[in-house]
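Each of the next two complexes has subunit A plus one other chain: subunit B in the first, subunit C in the second.
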Partner chain A sequence: MSDFAIEVNALRKSFGGRAALDGLDLRVPAGSIFGFLGRNGAGKTTTIKVLMGMLRADGGAARVFGLDAGDPAQSVEARRRIGFVTEDKELYPYMTVEQIIRFTRPFFPKWRDDLERRYLKMFDLPPKKKIDILSKGMRSKLMLLIAVCHSAELLILDEPTDGLDPAAVEDVLRELVAIAGSQGTTIFFSSHQLNEVEQIADNICIVDKGRAVVAGVLDDLKARYQRFHVVLESELAAPVRWVDGVEHVRQEGRTVSILASGNAEGIVRQIESLPGASVERFPVGLKEIFLEKVRSDENALV
Partner chain B sequence: MLWYKAWLETRWRMLLPAGMIFFALFTGHQSKGRLHFGPGSMLGVVGLFWLTAPLTLAGSGLRTEAPFQAVKGLHGSTYFTLSLPVSRLRLFASRTALGILETAGILVAVCGIAVAVFPELRGLATAADGFRYMATLLLCSLGYFGFSTLLSTFVDQQWQVLIAVGTIFLSLWLGVSGRLPRSLDMFAAMGPASPLINHAMPWGAVALSVGAGIVFLLAALRVVQARQY
Partner chain C sequence: MILRVNQSSGIPLYLQVMEQVKHAVETGALRSGDQLPTIRKLAEDLVMNPNTVARAYRELEHEGVIELRHGSGAYISESVGWNSKITRKAQAVVQSAVERLVASGLSGSEIRRLVENELAMLRDGADHE
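For the complex of A and B:
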């Protein structure tokens, strides 16, 4: 059996000639909490739809538990093991909370009644209320309940905390960590909330323009990425050919800001070779990595 | 459980066609002796209203599961449905089968009430003719049911019903204007040429409707299976 719950290789998908996925590669280790990040339109939801069998890729391969997501029969098998929260949190408006749980339960033989009771209480979901009068936040909670209670091996969550108040966000994040820890469930979630991702994810992938631009274990990435603030004696007369590891350089007058993804010692040596340079190192957070990777910067030198 | 979902989704839709047919029957009953058309024409009117049943109860296109959602570029609860571990064939088949069953249910109720309201119908025809009449109504509705189902793969629910109603009037016009052979005219088959009047099945119209219904349903299934959401 593969060590990866999700494997995506060179995935391509276009809509009307515009590439939504442009050779995306992705590996989601089994049992991990995997944050899938990107700007609006970067290809996150398209990737999720391909994984769920709702969209067919134009090229490449997408596998969930080794099953081909593009094959209808294999996709049904995969979906038995997936709990899914959709981006728009739309459920059947004509059903009550109780009815949609009763409807969903038979599709999943390993339904957990104990978890159902627990989350109904914890999320304060009214069983007799119709879904069409629930807020988006309440629908998010209901979708999470459904996704979690069927003992899914993989949770695919598209913006799971969208519409939740801060207290509910904390509750949900804590539960996700508990589920991953206690049941070994793989959690693959997309989010714009970088602080949430940083709080619970152990692996991340940043996608931009349909390609993975950064991927890996979050702690490793944070250890690898550093920012160097350099103050020079005078402005650089000519462009510098930076050593390996320099990801991004921005210069304003005598000040140079360098984002590096490795080779810190080599970079320091190069900086120290510049006339009158003083350098300071700073750790880099996920937000900074994300912004540097997805934002186009006219002042960038690398 | 897909049946349960389909039932909750469509049960209120049964009221529209049932109400229209009961209205037609009630009006006919109140106007007894004052109408200038015979039972054949009355049956034709009932047949016209009857066809609203398959139109409103068809819908397995999965384009959207909430009215007006597609107009806004949304899919309603379709994504949740597609995330269930169920093939699209099964989703389509359960919804279609329930739509046909609900249509048949309305038919039985309407025919039972019609016989009670119009005692003269009992003199017009035998019980066998009555069953043939019900079979004719159901089979003649299949073509419209299939067409409405196919429409539901492309357009939102409100447009589906509107376009399908337009198709009913088009086929009515084709029959009335003589552009369609009488043997293939659905409204003749459900009215003046129905088993209640002619004591025989209108096989031409029935075959056309069933054939068209199968073709439309298969086409709708192909669309549902191939469609990307």
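For the complex of A and C:
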């Protein structure tokens, strides 16, 4: 098997002249828990639909397990090995929980009865209830149960914790970690909840306006990104706007706040060359990186 | 062993796990030969990524704090007793430095910030060597 469960190159897709995907690149290492982040309308769901063969891209390539998602026959082969939770959590509304499970399992020869029992109990899913009266959170859990029980090698989850209460979110995250740890399943999930991405993802990609703006190993990104607080001797001292690695500079009087994505040593050297300047550094979380990357056109608001 | 991580602090999670294991060794909560939880168990307990736990264990092994025995898990190294003697000596150095800084009028949080800043500078310097 390839080192990447998902590989996307220069993917393009437009709807009525508006580009939803504008040259997206994405590499999801096999065995990773991958957090796919972006604002509403950034292109997350479009990407997922292309990966699942539900939408045809206008250009570029999308491969899952090395199989072309744009080729119907190859896509069917890939989808057998994928567990999928959709954004709208839509399931046949007239079926009961029990019926949809019974309906689904014959499609998947490697169905896990033990997991089915375990999740029915843990998620507190009522077997006799009809799907149309379940809450969004309940439907989300039911889809997750189906996705997990057919022994998928890859889970593609579009906002899997949307509509869940905090205790249920923690249950779901713990199960995802357990599945990744025990079966080596690759998990690709989109989310607006930066804290849950920080909690379980080892790799991330932030997408904005249909392009990947940050991607990599989360712990490495956190080690690279830092914030420097500088106090200058005079307001006129030149800031370090043009030093390599500087992402964003904000100055108020004699204090300057710098967000950097690397080259910490070079930046510190530059600051210390200013007479009388003092510098302190602080770690930067995913939220700050995210806001910096997706709001760069709106710096006036930050 | 009770570990806690703060996922939104901006400090890489594998470093947080490493620091806490080392701290447990320094305080004597973990001793030579003690077994650590398996990667899977710790990942599930902390609800964090198994790959991240694995990375922390690999780095701890690299630093000689733990030994990974194939098939049976991770153990605190036999050599860490030596390390805690150094720690005791270091504690005396830190104690006298802190006393002097407090006497000069600095607050606890100011001292903590100064020390952390120095460590961060040192770490970056070392990364580039």
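Just so we're on the same page, the second predicted complex is superposed on the first by the 289 of 302 C-alpha atoms of A that agree within 3 Å, B and C clash if a C-alpha of one lies under 4 Å from a C-alpha of the other, contacts with A are read in each partner's own complex, and residues count from 1 in each chain.
Following the convention adopted for this analysis, a residue touches a chain if its C-beta (ideal position, glycine included) is under 8 Å from a C-beta of that chain, and two chains touch if they have at least 3 such contacts.
Quick caveat: nothing in here was measured; it's all calculated off a predicted structure.
Of the two partner chains, subunit B is the only one that A:Pro106 touches; subunit C does not reach it. Of the two partner chains placed around the shared chain by superposition, subunit B is the only one that A:Phe84 touches, whereas subunit C remains out of contact. Looking at the shared chain after the overlay, A:Tyr92 reaches subunit B, while subunit C stays out of its contact range. By the touch criterion defined above, A:Val76 lies against subunit B but remains apart from subunit C after alignment on the C-alpha atoms of chain A.
By the touch criterion defined above, A:Lys49 reaches subunit B but does not reach subunit C.
Contacts from subunit A toward subunit B in the complex involve residues 49, 52-56, 72-73, 76-77, 79-80, 82, 84, 86-88, 90-95, 99, 102-104, 106-108, 143. Within the complex, the subunit B residues that touch subunit A are 1, 4-5, 8-9, 65-66, 69, 74-80, 82-88, 225, 228-229. The part of subunit A that touches subunit C in the complex is made up of residues 31-33, 170, 173-174, 177-178, 180-182, 194-195, 198-202, 218-220, 222-223, 225, 264-265, 268, 280-288. Of all residues in subunit C, only 7-15, 39-40, 43-44, 47-52, 55, 113, 117, 120-121, 124-125, 127-128 touch subunit A in the complex they form.
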